[in-house]
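Labels run A, B, C and D following the written order; every chain starts at residue 1.
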Amino acid sequence: MKKINVGIIGLGRIGQIHFNNLKYQIPHVEVVMVAEPREKESYKGIPVGRPEEVIQHPEIDAVVICSPTDTHADYIELCATAGKDIFCEKPHDLSLDRVISTLESVKAAGVKLMLGFNRRFDANFRKIHELVSNGKIGEPTILKITSRDPGPPPLEYLKSSGGMFMDMSIHDFDMARFIMGKEVEKVYATAGVFTSKDVAEAGDIDTAVINLTFTDGSMAVIDNCRKAVYGYDQRLEIFGSGGMAQADNNKHDSHMLLDAKGSHGALPLNFFMDRYVDSYLAEMKMFIQALQENKAVPVSGIDGLEAMMIAIAAKQSVDENRPVTLREIQKMAAAKLV
Amino acid sequence: MKKINVGIIGLGRIGQIHFNNLKYQIPHVEVVMVAEPREKESYKGIPVGRPEEVIQHPEIDAVVICSPTDTHADYIELCATAGKDIFCEKPHDLSLDRVISTLESVKAAGVKLMLGFNRRFDANFRKIHELVSNGKIGEPTILKITSRDPGPPPLEYLKSSGGMFMDMSIHDFDMARFIMGKEVEKVYATAGVFTSKDVAEAGDIDTAVINLTFTDGSMAVIDNCRKAVYGYDQRLEIFGSGGMAQADNNKHDSHMLLDAKGSHGALPLNFFMDRYVDSYLAEMKMFIQALQENKAVPVSGIDGLEAMMIAIAAKQSVDENRPVTLREIQKMAAAKLV
Amino acid sequence: MKKINVGIIGLGRIGQIHFNNLKYQIPHVEVVMVAEPREKESYKGIPVGRPEEVIQHPEIDAVVICSPTDTHADYIELCATAGKDIFCEKPHDLSLDRVISTLESVKAAGVKLMLGFNRRFDANFRKIHELVSNGKIGEPTILKITSRDPGPPPLEYLKSSGGMFMDMSIHDFDMARFIMGKEVEKVYATAGVFTSKDVAEAGDIDTAVINLTFTDGSMAVIDNCRKAVYGYDQRLEIFGSGGMAQADNNKHDSHMLLDAKGSHGALPLNFFMDRYVDSYLAEMKMFIQALQENKAVPVSGIDGLEAMMIAIAAKQSVDENRPVTLREIQKMAAAKLV
Amino acid sequence: MKKINVGIIGLGRIGQIHFNNLKYQIPHVEVVMVAEPREKESYKGIPVGRPEEVIQHPEIDAVVICSPTDTHADYIELCATAGKDIFCEKPHDLSLDRVISTLESVKAAGVKLMLGFNRRFDANFRKIHELVSNGKIGEPTILKITSRDPGPPPLEYLKSSGGMFMDMSIHDFDMARFIMGKEVEKVYATAGVFTSKDVAEAGDIDTAVINLTFTDGSMAVIDNCRKAVYGYDQRLEIFGSGGMAQADNNKHDSHMLLDAKGSHGALPLNFFMDRYVDSYLAEMKMFIQALQENKAVPVSGIDGLEAMMIAIAAKQSVDENRPVTLREIQKMAAAKLV
C-alpha cells in the first residue's frame, strides 16, 4: 500500500480529531508537519511550521485544512499551485465567487479536493444511503431530515458564521443530495428566532423549516434548530414507492427504566464530537484511500458548491417569502464557472 | 344522567361504526331511527325512515350525519331548522360558501354542530395534546405530521373527493391546529403524482409536502401520500423550547424476530378502520356528553371551516407556486360570514 | 353457518366479557339463558335462571362456566351428563383428583371441553407461536416468560386461590407448553414473599422464578411477581438455533417525550381487562367455531391438567428445595386416569 | 498527576487492546516493556523482553497480564513478590486452590490486583448499576441476564477453557453480583449441547440456564448459549419493588426499513471486540486511576474468586441435578483461605 505523507493546518477541535486519526488510527500515513499558531516547535513529536511551510513541504503529498473558514480559499489555492491534494473542512468559503474561483484553480492544477461533509460517513446514514441505492424503498419521493443542535454557538462565532443556513444547515443540504441522489431545483424556507438573544443580535435565525424540490418533483423537508434541550438530534427518514427507511439518533446508552411514573430512557448523544466521532475517522480513511488508489474523492468541491447554493437560496427564500430556484443562484455562478 | 335520543343518517362504513357505538357501547343513549336507502323497514331492530323523517322525528334530540358529502349541508340546515343537535362526518361540504351559509344557519338556530375529526380522540394524539398543553415541551416551534394512506381510493371516489387536500390532508390540517393550539397564517405546498394512474386521471395529486406558518411564526410540516406499501402511517412530532414529543404508529402486534438477516417486526395497522376504531367511540362519547351536560362540543363547525380554508390555500399554493396566506382565503369567506 | 345456543353461568368480570362478546360481537350465536345470583329475572333482555336450569335448558347447546372455581367441577359434570359442550374458566379445580374425575366424565359423555387459557389468543403470543411453528427460529432451546401483575388480589381471594402457582403462574405454564410445543419433564422453583403482608398472611408467595426442563432437554424460565409498580408486564422471548423471537407489552399509547432529563414513554396497560380484551373475544370465537364445525377445541381439558401438574410440581420444588419431575406428579394422577 | 509505568505480558487480541489504550488513550501512563513471544526486540517502539524481565523491570510500577490462563497464577505471584500492582485478565486460574494461594500471596505482598471483568465498565451496565444503587427500582428481587455468543470457539480452545461456566458464564456471574450488590447463596443449573459437535467432543455444554438465589432470597436467572445466529446478545433486566431497569444490545446502526413484508432493523454488534471496546478502555482507566490515587481497584481478586465459586457450583448442579449452595463450595475453599 502506497504511503501518504500529510500536513495539517489548524489544530482546533476538528484539527485534533483529524491529527489523532491520521497519526494513530490510519495505517500507511505519516503526519510530516503541522501548522498551529498556539503550538511551538513540535506537537506530539511532529514538527510545527507555518501554513505555507506545510503546503510547500517537499515530502508532503496532501494537506488537511482545518483553519478558520476565511483562510480556506487561500490555502486551497496555495495547495493547488503546489500540486498538493486537499482535504478541507466545511464551509469552503462564504463567498460564492471565491468558491468558484478556487474550484477553477483546483481543476486547473489537477489536484484532488475533498470537502469535510463527515455525516455522509456516519454508519446510520451510510446504511440509509445503501438501502436507497439498492432500491429497497423503490423510487424515493419524500425525504425528511431532522437536524437540531443542543445549543447555539457563542455570539462571536455566530457573527462570522455566514448564518445558520451556511453554517449548520449546509450539512443537511449535502445530506439531502447524498441520500436522494438527485439535484435540487427549488427551495422554500421559513425561519425565525426562538431560542437565543445572541442569535437575534447576530442578525441570524435559529429555527427553520426548509423545503427542497428536486428536479423530478420529489421533495425534501429539513427542520433545524440551534437549541434542542434534549441533545443533538440527528435523524432522517426517506419514503418511496417501495417502503420507508429511517435513521434514529445514537444514545448515551441503551437503558430503559420503568417505574410508577412511566418508562424512561437515555437521550441522544450530546453533540457532533460524540455522535460523529466514527464518521471523522471513516471520512479520513476514504480520503487517504482515494489518494492511494488515485480515484475520485467521495465528496467533491462541486458537492460543496451545490450545498452552498442551496443555502443561498434558502436565505433568499426567507428574505423574499417565495420559493427560489437553484437556477437563479446558478445563474450568478454559471457566468463565472466554465 | 340525561338520556339522549339519536337518529343516524347513512349506514356506510362510518355510519355502522357510529351505530354500533351508540347502540352497544355508550350508555344513556337510544338510537330511535336510522336512514339508509339499502335497508328496508328496520336495521338491527331499529326503524328505518327517510332522512327527513329522522330529522323531523319528535323524540330525536340529535342527528348523526354519515351520508355522502354532497348531502351534508342540506341535512345540517334541516337539522338546524328542526332544532336538532348535529354530529356531521367530514368534510362538511366542498364549497366554502355553502359551509359558511350552513354555519350561519346553525348559529342562528342555536343548535350544536360537531365535525367528525376523529383523530383528535386517538389515544396517541390526545397524549401529545395533553403534553403540549401542560407545557412539557415548552413553547412549540416545529410540528411534523406524517400521514400516509395504504392505498388510493377508487377512481370514482377520487373524482368526487374534492382533491387530496380537501379529502385526506384536511384531517392533518385539523390536527395541526389542535396540537399547536394556534391559528395558521400562511401555507406553502408542493405536490405531485407518483403512485397512481387513477389519481392522474382524476386530475388530483397523490403526494404532497405542506408547510404551515402560524401567526406567531412557528411552523408545521405535513407530508401526505395516498400509497404507503407498509401500511397506514400516522405519526407526529412536536418540538419546542423545552423538549420534543412524538406519537408513533400502532402496530399489528409487538413481536420482534431476530435471525441471521436482521431484526424484523410488525407493520403499522392497515387503515383507519383498525387504527382509529377507538377514536370513533371516544369522539361519539364526547359528543353525547356535550349534549348531556349542555356544554360546547370538542370540535366545532369553525374547526371544520378553518381546516377547509387551509386545504384551499394549499391547493392554491401548488397551483401558483407561492405561499398563500389564510387571510387571502378568509377574505373570500369573511365577506359572507358575519 | 350453524347457529349455536349458549348459556352462561356467572356474570362476574369475566362472565360479563363473555356475555358481551357472545351477544354483540360473535355472529350465529344466541345467548338463551344466564345464571347469576345477583340478577333477577333477566339480564340485558336475557332470562335468568339457576345454573341447573341453564345446563338442562333443552335449547342450549353449550355452557360457558364463569362461576367461582369451587363450582367448576360440579357444573362440568352436570353439563357432561346433559350432553352439553363446555367452556370453563381456569382453573378447572384446585384438586388434581377432581380434575381427573371430571375429565373422565367429559370423555365418557363425548362432549367438548375448552379451558379458558385466553392468553393463547393474544395477538402477540399468537404471532410468536406462528413464528416458532413455521421454523423461523429453528429448534427452540430457551424460552423466557415474564409475567407480573400490577398488584396482589385481596386477602380473601388469596386465601382461596390455590396459591400463586395455581392461580397466576398457571397461565404461564400453559403458555410455555403452547409456545414450545413440547412437554415438561422437570420443574425447579424458588420463591419468596417480597411485596405484600396479605400474601404472607395467606401463607402464599408473591415472587418466583420457575425453571422448566422439557423432555428434549430444552429449557424455559418463568418469572412472576404479584406486584409490578409500572403495570401489567406480559412478555416472552424464545431463542433457538435459527434466531430469537420476542413479544413486548402493549402500552397505553405510543408517545415519547424527550426533555432535558431524558426520554419518557408510556407504561404497559394496567391489567388483564385491558391487555387481554381482544384475546377473550378471539378465544370465544374459536370455541364457537369448534362447535359449528365439530372439530377439536383449541385448548383442551388435558391442557388444563398439564398446566396444573406443573403448578403442583413448582410448589413441591419450593417446599423441598429440589427439582421435581412431572413423572412424580403424573404418578399420582396416572393411577386414576385411565 | 502521578505517572504510572506499566509492563504488558501477552499481546494477543486482548493484550493489543490494552496496549493501544495504555499507549495512546490514557494520559500519564508509559508502557515501558512488553513480553510477547511472537515479537522480536520491539513492538511499536516499545522494548520486548521475557515475562520475568517485565515483572522485574525496576521502572515498572504495574503489570498487565494477558498471557494464557495457565500462566496467570505464576505471574501474579512473581508480581506480588516483586511488589508490582497487577491487572490480570479473567479467568484468574482454573484451580480453586491455586486462586486462593495466589490471593494469599497478593494479600501478603500488599499489592493491588484487579481482575479483568470488563463488562462492569460497559456504559449500559454501568447505567443499570447506577440506577439500582440510587434506589430507582427499589429493592431488587429478580435479575435476568441474557448472554449469548455469536459462535463457539475452536475445539482446541474449548478443551482448555475450563468449560462454559468457567470460561463464558463467569462474566455473567460477576455481573449478577455487581448489579445486585448481594452475595449468592445457592445455584441451580440446567444445560445441554444443542449447537456444536465440537462442544460435545470437548465434553462441554453450549446452552444453559442458571438460577442464583441470593442470601436475602432474591433471585437471578442467567441464560447462555455459545451460538446466537443473530449476533452477540448481551442484555439484562432487573426488577424490584419500585420498578424495573433494562439494558439492551448495542446495534450496528440505528436504521429501520419498512416495506411490504415488515419492519427491519439492524442486529446486535458481532462480538466482544465490537460491543465492549469502550469498556476495555474504561476499565484500564479505572485501574490506572486506582494506582495514581492509591485507592482500591474496582474489581478485586475476591470478586474473581466469588464468580469462580458460582461457576463450580453451577457445574456441580448440572452434574448432580440439584441446587448447590455456595457454602458447599466455600467449605472447600475456606479450609485454605484464612
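Keep this in mind: a residue touches a chain if its C-beta (ideal position, glycine included) is under 8 Å from a C-beta of that chain, and two chains touch if they have at least 3 such contacts.
Owing to the predicted nature of the structure, the values given are computational and were not obtained by experimental measurement.
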Report which interface contains more C-beta contacts, comparing B-C against A-C. B-C
Chain of greatest Cα-centre distance to subunit A: C
Cα centroid separation between subunit B and subunit C, in whole Å? 41
Length of the line joining the C-alpha centres of subunit A and subunit C, rounded to whole Å: 58
Where in subunit C do residues touch two or more other chains at once? 229-230, 242-244, 258-260, 266
In their shared complex, subunit C is touched by residues of subunit D numbered 138-139, 141-142, 144, 146, 148, 186, 188, 190, 192, 194-195, 207, 209, 211, 213, 217-219, 221, 223, 225, 227-230, 233, 237, 239, 241-244, 321-323
Under the definition above, what is the set of subunit C residues touching subunit A in their complex? 229-231, 258-260, 262-268
For the complex, give me every residue of subunit B touching subunit C. 24, 123-124, 126-128, 131, 136-137, 242-250, 252-260, 266
